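Order of writing sets the labels: A, B, C, D, E and F. Residues in every chain begin at 1.
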Amino acid sequence: MADDPYGAELQPFAGITSFMRCPVTRDLAGVDVAVVGVPYDSGTSYRSGARFGPRKIREASLMLWGYNNPLAVKPLDALKVIDYGDVDVIPPSIVDTYQNVESEVGAILHAGATVISLGGDHSISLPLLRAHARKFGPLSVVHFDSHPDTWDTEFGGRPYSHGTPFRRALEEKLINPAGYIQVGLRGPTSGARDWQEARDLGVRVITLDEAAALGVPAVIAAIHETVKGPTYVSLDTQRAPPTRRSRPGPARLRSAD
Amino acid sequence: MADDPYGAELQPFAGITSFMRCPVTRDLAGVDVAVVGVPYDSGTSYRSGARFGPRKIREASLMLWGYNNPLAVKPLDALKVIDYGDVDVIPPSIVDTYQNVESEVGAILHAGATVISLGGDHSISLPLLRAHARKFGPLSVVHFDSHPDTWDTEFGGRPYSHGTPFRRALEEKLINPAGYIQVGLRGPTSGARDWQEARDLGVRVITLDEAAALGVPAVIAAIHETVKGPTYVSLDTQRAPPTRRSRPGPARLRSAD
Amino acid sequence: MADDPYGAELQPFAGITSFMRCPVTRDLAGVDVAVVGVPYDSGTSYRSGARFGPRKIREASLMLWGYNNPLAVKPLDALKVIDYGDVDVIPPSIVDTYQNVESEVGAILHAGATVISLGGDHSISLPLLRAHARKFGPLSVVHFDSHPDTWDTEFGGRPYSHGTPFRRALEEKLINPAGYIQVGLRGPTSGARDWQEARDLGVRVITLDEAAALGVPAVIAAIHETVKGPTYVSLDTQRAPPTRRSRPGPARLRSAD
Amino acid sequence: MADDPYGAELQPFAGITSFMRCPVTRDLAGVDVAVVGVPYDSGTSYRSGARFGPRKIREASLMLWGYNNPLAVKPLDALKVIDYGDVDVIPPSIVDTYQNVESEVGAILHAGATVISLGGDHSISLPLLRAHARKFGPLSVVHFDSHPDTWDTEFGGRPYSHGTPFRRALEEKLINPAGYIQVGLRGPTSGARDWQEARDLGVRVITLDEAAALGVPAVIAAIHETVKGPTYVSLDTQRAPPTRRSRPGPARLRSAD
Amino acid sequence: MADDPYGAELQPFAGITSFMRCPVTRDLAGVDVAVVGVPYDSGTSYRSGARFGPRKIREASLMLWGYNNPLAVKPLDALKVIDYGDVDVIPPSIVDTYQNVESEVGAILHAGATVISLGGDHSISLPLLRAHARKFGPLSVVHFDSHPDTWDTEFGGRPYSHGTPFRRALEEKLINPAGYIQVGLRGPTSGARDWQEARDLGVRVITLDEAAALGVPAVIAAIHETVKGPTYVSLDTQRAPPTRRSRPGPARLRSAD
Amino acid sequence: MADDPYGAELQPFAGITSFMRCPVTRDLAGVDVAVVGVPYDSGTSYRSGARFGPRKIREASLMLWGYNNPLAVKPLDALKVIDYGDVDVIPPSIVDTYQNVESEVGAILHAGATVISLGGDHSISLPLLRAHARKFGPLSVVHFDSHPDTWDTEFGGRPYSHGTPFRRALEEKLINPAGYIQVGLRGPTSGARDWQEARDLGVRVITLDEAAALGVPAVIAAIHETVKGPTYVSLDTQRAPPTRRSRPGPARLRSAD
């Protein structure tokens, strides 16, 4: 009989669904990485439902098995990773949600763990950046997205939404603009200056067309050239590249180097 | 060639989708009934997505044709009905959304039209009741639902959500408790006193089990006994009765008698 | 900040999904009820996929909240309930799966807990009955189903499948035929004698047509008349009655009275 | 090894999908019943797709097994039933489709078989009635539907559609009005006289509300009172009654008595 | 309060769904571009449902926002664009549908507007080409498709279907063959000569394999070399290129240069 | 009237669904190629449901029409192809299923036909290889997959599963390792040695990253260099390349050269 209800030895269809079958706990002693869900979707201007993102990413993560062939690493052997569960979000209030996210994630960082957060719509980046900058100071940022998310306001002049978090973070000095790179901008926008505004704020922008022309190695080199010190990685994508199937919902990874 | 882009003579799969193919306008002169969408879903504690409710109810309404056989009425012949479009809701803020709903619906009522609103989650009942009570005074209410929606707070002590609007409305004297009847309560709740609390607030409650035992005519009689004066009807249901297929999303109808 | 990663205070869309947010553990000390998944679906003759039943029942259970209004009980206040996780099933071998189910569930029963198992196709009833009968002796059984599941063989003369478990259990004296009642038989079968064969084996059968004619109270009375001593309840249904929406997948409950 | 590629001994997920695993053939010698698909959906005014109805009804029929418990009959033992395949329909032309249906079904009837046809939208009833009346003379009709389908015209004055076939059939004397009963009319219609028009044409109409008040035995008695001689049965339903799950698409059965 | 029921300032989930929130009107005075739906799907030989294409394209168009970054244009600022609604199509008759399409679109062109039509299956290209050629004379055509759609007949020798419109248009001298280019042919066909037949009719064909070998700039150059004078663009695709997500259904754009 | 119930002249939505409308028969006289389904899915460690693979591949095959443009071949003109139906699989027992597959496919091969089998999960490769090797001796194998499927055991030390068939086949000398090439390995695995183990067993491995770097012609050349004599081709893919849309489920083709 198995000793572990998370089913480390079970098949992907079986067992309690924690992220990659890591133990579910709020005990942070000795933890290297804490995975935490932020199931908030009231910041989006289109389809809601990303509140189920953390649950579905956990489910999909059971197919990751553990060994990453292209990178030849088995991270769970080298790091103590836990599933912390989800932050308590408040759907009708983005301000209250921001307080909870900053506070709960800040406590995890304070305990010394690196945080991987699972969204949720992209508005949650602001309290995550607040929590990280409070500990690490102004951050470098690697931001994969189709939009710059640096609008000044959205929803009739309001400051917080999925279109504004990185403008707010730059204003609040959470991000060091010289260390901020965006990759993948593409498609239609509401105005002619969306991309230029990001550049005016100091962001290094590589659009999807530019990335396709440069090639993956040159994009990786550009990222390495740009970032310095503690770096926050934000991934806002609906589909992963074809060889690595994943699920909707932004994921954020901070790694101090 | 047709003169009307809404396609009054087109088939249900064709044409711009306004409610029952009524004209889309914000000109309220001479209007009897204005249909207005309230596409807000940040008040729900489970599956979001009801922000698409008004759009889908409009789509489904094209199958209503016009003549209601059981009631032997053809309302669009007797009443001037328009589709007013949607209220501008603010997903990240229930407070701002409430202000917009109350203000925009209040203006329609002020112009003399009766309002049929299409939700949206049930949290929008509060600003709708505010707008109606401001014009008509305390309202009688017929409320079809599986839950009483009279919690004191939800989401960690917050006052506004899809579980609290009718408690707030009673506190704000928008509803006359003696004219308030709830029909259809059923299923599990989080506490033993959910139904009793509604009764303690003065609401006449007919649970689904009681309704099944009474029969439809007796329930209708109970409703007529209860309501007096201007009456607000609220329907929060995921499925219509089997003989009348409809779509998810609460619909609200006020009719002054 | 919440202390509990299962999110007892979180909303239904948030947190690790254990059954009704009960703690996930394999420590059975002081446990009244252990919920255990049996994600096996190789016994079915039609659509596979019930291996995801336990995961989806856990997800749906988050909407049960806790207080059952029709019964006026709040079981989690009166009983210590845990989520034990899933049995390790072996999809390519029903025989190996039966051994694992009997052994793992037997150990839980041995520790003194009552078991609620979540399927899985109905073939898993046989090892569940074996585990229970080994502890309690021949069982009374209340069996809700559209088929009697008392075929002699299926799949070309083989003894184990979702159509045979109760025949095997009667042959193995796990069930006391005088205490066995089936409710709900309906629809087409492959042969004229399917229902009569169950009766010939000593089962009291109430078909769905008979149940509709008798009414619910008379059916409940018949169940109480029939069962005696330790009783195993098996529910094989694709849809719950209309007023209590649930999800596919059999659930089994043993309660000693 | 099995000798039969239709898989009479296989499970419902396996084998070539003919109706109830009957042999697929166009040899009508000695055949009692021929099942024939009419995959036409250009007559509908709403959702197209019923062209896949015959394929999906065949798939669902594999779950019928063979023995009907409520009626205590095993029709495939008593009758030689074949699956004739589908009529060659012409989606862009209802007139050409009508010719093919009448001609192909007429040939089957001429060979002496009873026809069960699988739709397709309800416009196909007209050529089916033509083929049957050509052989049997004016027919009695039992018609289960939510609409009378006796409009004079549809689609801007055109004679053929899913709303007109029974008006045309009455005009063409294919149906004996004194032997025609409609059961189940319900819901909204485009005009106040839809139901009355059917009655004016001589049809006996039992609406769904009337059927619910009368009860099933009285409805069956009414049907028996009405029909005389060769009778055509037409079923236009999206959902079967709850105890007998079936799939969308009208099915038609003629049985001479 | 917003003045515009189409919700130019609303979010993509809100408001009446006109194409890119353009005003819905049949007043063509001063109109540069009229968007018109042709919800016809009885010309297809496989899955029907494209009758819902115009509705779904309108819904998806709300995500186009307005500014096209790769082309650096904001067309709605430079052009007066309206949503004309849908042509009245006749599902059971392609001939009647062709007359309505040619007549209604002809009237729009006569009023001086450029037409963007939203399908619907590809059979509608013929009446669209007729209407355009009647005004502009023989047209150049840019045709993106996986099939040449130049069959002589389909559905048992019939002239009109989704496989034949461009053969008919060439025969009727609506298209100047020297100005006709097809891009994207691929996959299986029913005969060995499908592609060669298009070439024999004078069409310049670039298959998908050839396009992949040439690269996008060379394909664009080939298109510019081929077309001369008034040009009709037809897009028959199930999926847009990966960087511009769109929805099923052909779209047609005529631009006079 | 058509003579053929499989509908060779019908549209893809009509008729009995045999593979590419080939005749359904178990008479193998003069047959070049027999298509046979193996609807078994109890060997998979994740989502079950591939038991419906043969049915859905048959349905999709109706869109293949017959002429392959890239290869300029029309195989049904040159070869006598039949649809043999499905093997009788035993979901609860992989051992019994293996016996049936080997026996039934062996009989087809014995009659002189080439077999194309439609899965089903990849565990069925072992009995297929057994049947082929019994007739042809050790086989060359071309194996397209994301995993090597050469695990030693799965499901707690058991020998048969979808992860082990090619290890077993090598051990049983069904495959000549020098003639075995795998193409497409990618993504995460459970251990660091999965790919190396395949190489240690003598398999020539071209990972997806290597294939992308080499290009398609070089991969084809590598395949031709590797295989010698009777060759078994196995395709385990969830999505076909973009220009040839197909459905899930492995397909296997043996061609003797």
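One rule holds for everything that comes next: contacts are C-beta pairs under 8 Å (C-beta built on N, C-alpha and C of every residue); 3 or more make two chains touch, one makes a residue touch a chain.
Note that this is a predicted model, so its numbers are computed, not measured.
Counting the residue numbers used at the interface between chain A and chain F, under half appear in both copies, so the two copies meet with largely different residues. Interface repeat of D-E: among A-E, C-F or B-C, over half of the contact pairs recur, by residue number, only in C-F.
Spacing of chain B relative to chain F, judged by their CA centroids, is 56 angstrom.
Work out the mean CA point of chain A and of chain B, and you get 38 Å between them.
For chain E, the set of residues touching two or more other chains reads 9, 11, 13, 45, 47, 51-52, 88, 91, 155-156. In terms of which chains touch, the assembly is arranged in some other way, matching none of the line, ring, star or all-to-all patterns. Touching chain pairs in this entry, ordered by label, are A-B, A-C, A-E, A-F, B-C, B-D, B-E, C-D, C-F, D-E, D-F, E-F.
The part of chain B that touches chain D in the complex is made up of residues 9, 11-13, 63-70, 72, 74, 243-245. On the chain C side of its complex with chain F, the touching residues are 41-45, 47-49, 51-52, 88, 90-96, 123, 155-156, 158, 160-161. For chain E in complex with chain B, the residues that touch the partner chain are 1-7, 9-11, 13-18, 24-26, 37, 39, 51-52, 54-55, 58-59, 83-86, 88-89, 91, 103-104, 107.
Looking at the complex, you find that chain E touches chain F at residues 45-47, 155-156, 185-192, 194-195, 207-209.
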